[in-house]
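Working notes, beginning with the structure itself.
Labels run A, B and C following the written order; every chain starts at residue 1.
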Amino acid sequence: MSAPRETAEVPPTVERFHPEAYRDAGWVRGLAERIQEHARLLGRPVKLMHICGTHEHEIGRYGLRDLLPESVEVLAGPGCPVCVCDSGWIDLAIRLATDEGAIVASFGDMLAVPGSIPLRGETRGGARGDVRMSLLDARAHGGEVRAVTSVFEAARLAREHPNRQVVFFSVGFETTVIATAALLRRGVPPNFSLIEANYFTPPATHMLPTLPGFDVDGFLLPGHASAVTGLEVYRHLPEQGLACAVAGFEPVDVLAAVLELLDQLGRARPRLANLYRRVVPDEGNVRALAELDDVFELTTMRWRGIADIPASGYRLRAAYRHLSALERFPATATAARQDASEHPAGCRCADVTLGLVRPDACPLFGRRCTPDSPYGPCMVSHEGTCRAWHLYGTARGRLEVEAAGGGAQHGSL
Amino acid sequence: MARYDAIRLAHGSGGRLTAELIRELFAATFASEPLAALTDAAVLDNLGGRLAFATDTHSVKPWRFPGGDIGRLAVAGTVNDLAVMGAVPTYLSAAFLLEEGFRMEDLEAVVRSMKATADEAGVEVVAGDTKVVERGKGDGIFVTTTGVGFLPDGRDIGPQRLTAGDVLLVNGTLGDHGLAVMAAREGLELGMALTSDVAPLGGLVEALLAAAPDVHFLRDLTRGGLAAVANEMVEARPFGLRVWDAQVPLDRDVAELSEMLGIDPLLAANEGKLVVAVPPAQADAALQAMRAHPLGRRAAVIGDLVARPAGMALVETAYGSRRVLEMPVEEQLPRIC
Amino acid sequence: MCLGIPYEVLDVLDRDTCRIRIGTGAQACFTGLVDPVAPGDWLLVHAGFALRRIDPADARANLELIRRALEASELPMPEAADEEPAEKDP
């Protein structure tokens, strides 16, 4: 007994906006077939990289790697803000909750990520070793930590608790920080402050091609980050011969971008193609960029376990500096700002995040570090490459072995 | 009892206030003979045969949520644990751990809800206990229920009967309880009609077994959703499990909200849903029987057990691709990435 | 990162706020970073705010691009210049 399949019908031209077109099974199948054809014509293995945690999540959710030929590999690069967020910021958030009695408001993504403060006396999943505190641990130890879905919700918390300090753990890339900037320009209550942990993506793409062993042929560029910055910040990539396509996040969007990259490679014509025109204007969101520039300036930021990258993060400008948690809580900030070990001992999250090695090259992968008892950020985060691999990649290996015994296998050449 | 707006420590200390609470609230509302007799234990002498026996404890916050409350949850939870064994739930006990200061009118509402749910399920509450802890030492109210049910001869339902080729069904939309509680807890001002699906399923199970007597396996979905049960079913077994994404029934608002929060409804909690494994020959009868019942209107075939890959639960997408249906680890949190 | 989902505007509360339709319900959405919106507009929403108002012409262009990629009868794909007016060439 098998599930009914939808017949392949290309939807007619639409007047209204139809989000569901981008999940259409017929279109997905058609694009997968075109990709197979292009890959065959190209006649060599191709390595593509995306730099967006949500791309990794959606690829996993829809099993899109199953639909690609063996010769086309899509790697996850440094696009998971949870994985690159320096542990110092997490430690600061934890200390503000446990030592300063502040209400710490954070996106749910960050709550389970370990920083660098050791959690004594605890083993996780039966494994001894280097357990570090997360914000959830801070909550278990009496700190008040609240999950929020927007910076506006954090500001509302501050209004509702005028006698408490409310600190917003501002994480995420350029896509998210613009809301923080917009809110600050319009005014926040005096008991509100923020941890400046926002990162700027493009500098990582300057660094990546300089790394030894970098052999990526093209990039799927992040659709929503590009909607903010515009395309030109990635101009250096096609100039270095790398194929580029700005991609949306539905299955059709991702596959169309992969097809575009194969086409560019086939013609040896690398360029910046915009495959997400319905959301991404070539020039980006000019208004958002102006508000952002008013509130924040670019500064050197430490990418966890990777490097200090110039102009890769956001710091509040002088006029707004009083809203920084570093200014509001100077003693705690100093305590948190230690030369922390970046990742727990033995963790290769940094290399995995850069796409330099596959998760199974890390000695801890699948042994001491599993989704049940995660060791480093790449296994904790739902977009973390290691977590995605453990759930999907390892499984895929098993699926392939099973297929040799006669089960169904999809999507191979 | 009208004299007390809120629970005091004395209500749990075994003296006059305890006796009043038991007599005027619990015994009066549950209205069973053993409780009316106020003996230390209920004597049950009409069961015979094999018994199924289960217990469940609840601490849900908030104690009342759209579609239900902790009382309904507590009764339905134990009733469903018994029903999925193929037993006929018959008697329950109910134990309350109350925090000093818990409002009397809220307790009355919980107890009334338990009585109503018990009536729906055809069970009687015949024993109970109450304790009170100091203000600040409890979380309002905890409820524990324990139940017994009679297991008719000839019923053999359990994991030992699972085998590759079995067809999997559910009795309706998934993730309702988890998303309803999350929306209530997050204070999301959405105006959506998200309600918990909490319900006692004994009647549905009997209707199902009457039409499809060779059901191999039943399990109620609770915390951890379909994902938790799916993984439990295949762990270290010589078969695997496949769910067809496109076949899983979802309430439209649950689908929208889970999309917005980045939550997977297959991992979200249910309190009125079960998964059924039947041999293919009985799949249609099972489906029709559930759809004919008020608690099974949106029943659907959602997957099957496969020979390979063994020991794993997979989701097959509308595109034919696959992903692993992970065993939930921690509570799902809304994400923005 | 960036969980962003398209939603339809139900009504406009002020320059910076509208309500978007979510299933049978609605939620507030910050619109200060996009041009003024109107009921019926589609917004790409991330973390409680609108990142972009989806222009129907852009939406059509996006769909058409994909349709043509699917329907192309021969390989390689046709020259891109005529498909995307704002195309960037090295």
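Please note the rule applied: a residue touches a chain if its C-beta (ideal position, glycine included) is under 8 Å from a C-beta of that chain, and two chains touch if they have at least 3 such contacts.
Predicted model, so just to flag it, every value in this text is computed and none were measured.
Participant: So which chain is farthest from chain B, going by the mean of the CA atoms in each chain?
Facilitator: C
Participant: Pick out whichever of the two, A-C or A-B, is joined by more C-beta pairs in contact.
Facilitator: Between A-B and A-C, the larger count of C-beta pairs in contact belongs to A-C.
Participant: Going by C-alpha centres, which chain is most central here?
Facilitator: If one averages C-alpha positions chain by chain, the most central is A.
Participant: Please compute the C-alpha centroid of chain B, do the same for chain C, then give the distance between them in whole Å.
Facilitator: Taking the average C-alpha coordinate of chain B and of chain C, the gap between them is 41 Å.
Participant: Using CA atom averages as chain centres, what separation in Å is found between chain A and chain B?
Facilitator: Their C-alpha centroids are separated by 36 Å.
Participant: Could you please state the distance in Å, as a whole number, between where the Cα atoms of chain A are centred and where those of chain C are centred?
Facilitator: Distance between chain centres, rounded to whole Å: 21 Å.
Participant: Of all residues in chain A, which are in touch with two or more distinct other chains?
Facilitator: 53-54, 80-81, 107, 149-150, 172, 176, 383
Participant: In chain B, what residues contact two or more other chains?
Facilitator: Touching at least two other chains: 262, 335-337.
Participant: Identify all positions of chain C at which a residue touches two or more other chains, and write them in rising order.
Facilitator: Counting only residues that touch two or more other chains, chain C contributes 1-3, 46-47.
Participant: So in the complex, the part of chain B that touches chain C is made up of which residues?
Facilitator: Those residues of chain B that touch chain C are 188-193, 252-253, 255-257, 259-260, 262, 335-337.
Participant: Of all residues in chain C, which touch chain B in the complex?
Facilitator: So the residues of chain C touching chain B come out as 1-3, 5, 22-28, 46-47.
Participant: Touching residues of chain A toward chain B in the complex: what are they?
Facilitator: Those in contact with chain B are residues 1, 3-6, 23, 25, 28-29, 32, 53-54, 57, 60-67, 80-82, 107-109, 111-112, 136, 147, 149-150, 172, 176, 251, 371-372, 381-383, 391-392, 395, 398-399, 402, 405-407, 410-411.
Participant: Residue numbers of chain C touching chain A in their complex, please.
Facilitator: Residues in contact with chain A: 1-4, 6, 16, 30, 32-35, 42, 44, 46-49, 51-52, 54-56, 58-67, 69-72, 75-77, 80, 84, 86-90.
Participant: Over in the complex, which chain A residues touch chain C? Could you list them?
Facilitator: Counting only chain A, the residues touching chain C are 10-11, 13-19, 21, 27, 30-31, 34, 37-38, 41, 52-54, 79-81, 107, 149-153, 172-173, 175-176, 178-179, 182-183, 186, 222-225, 227-228, 231, 235, 238-239, 249, 252, 256, 259-260, 263, 266-267, 269-282, 285, 287-288, 291, 383.
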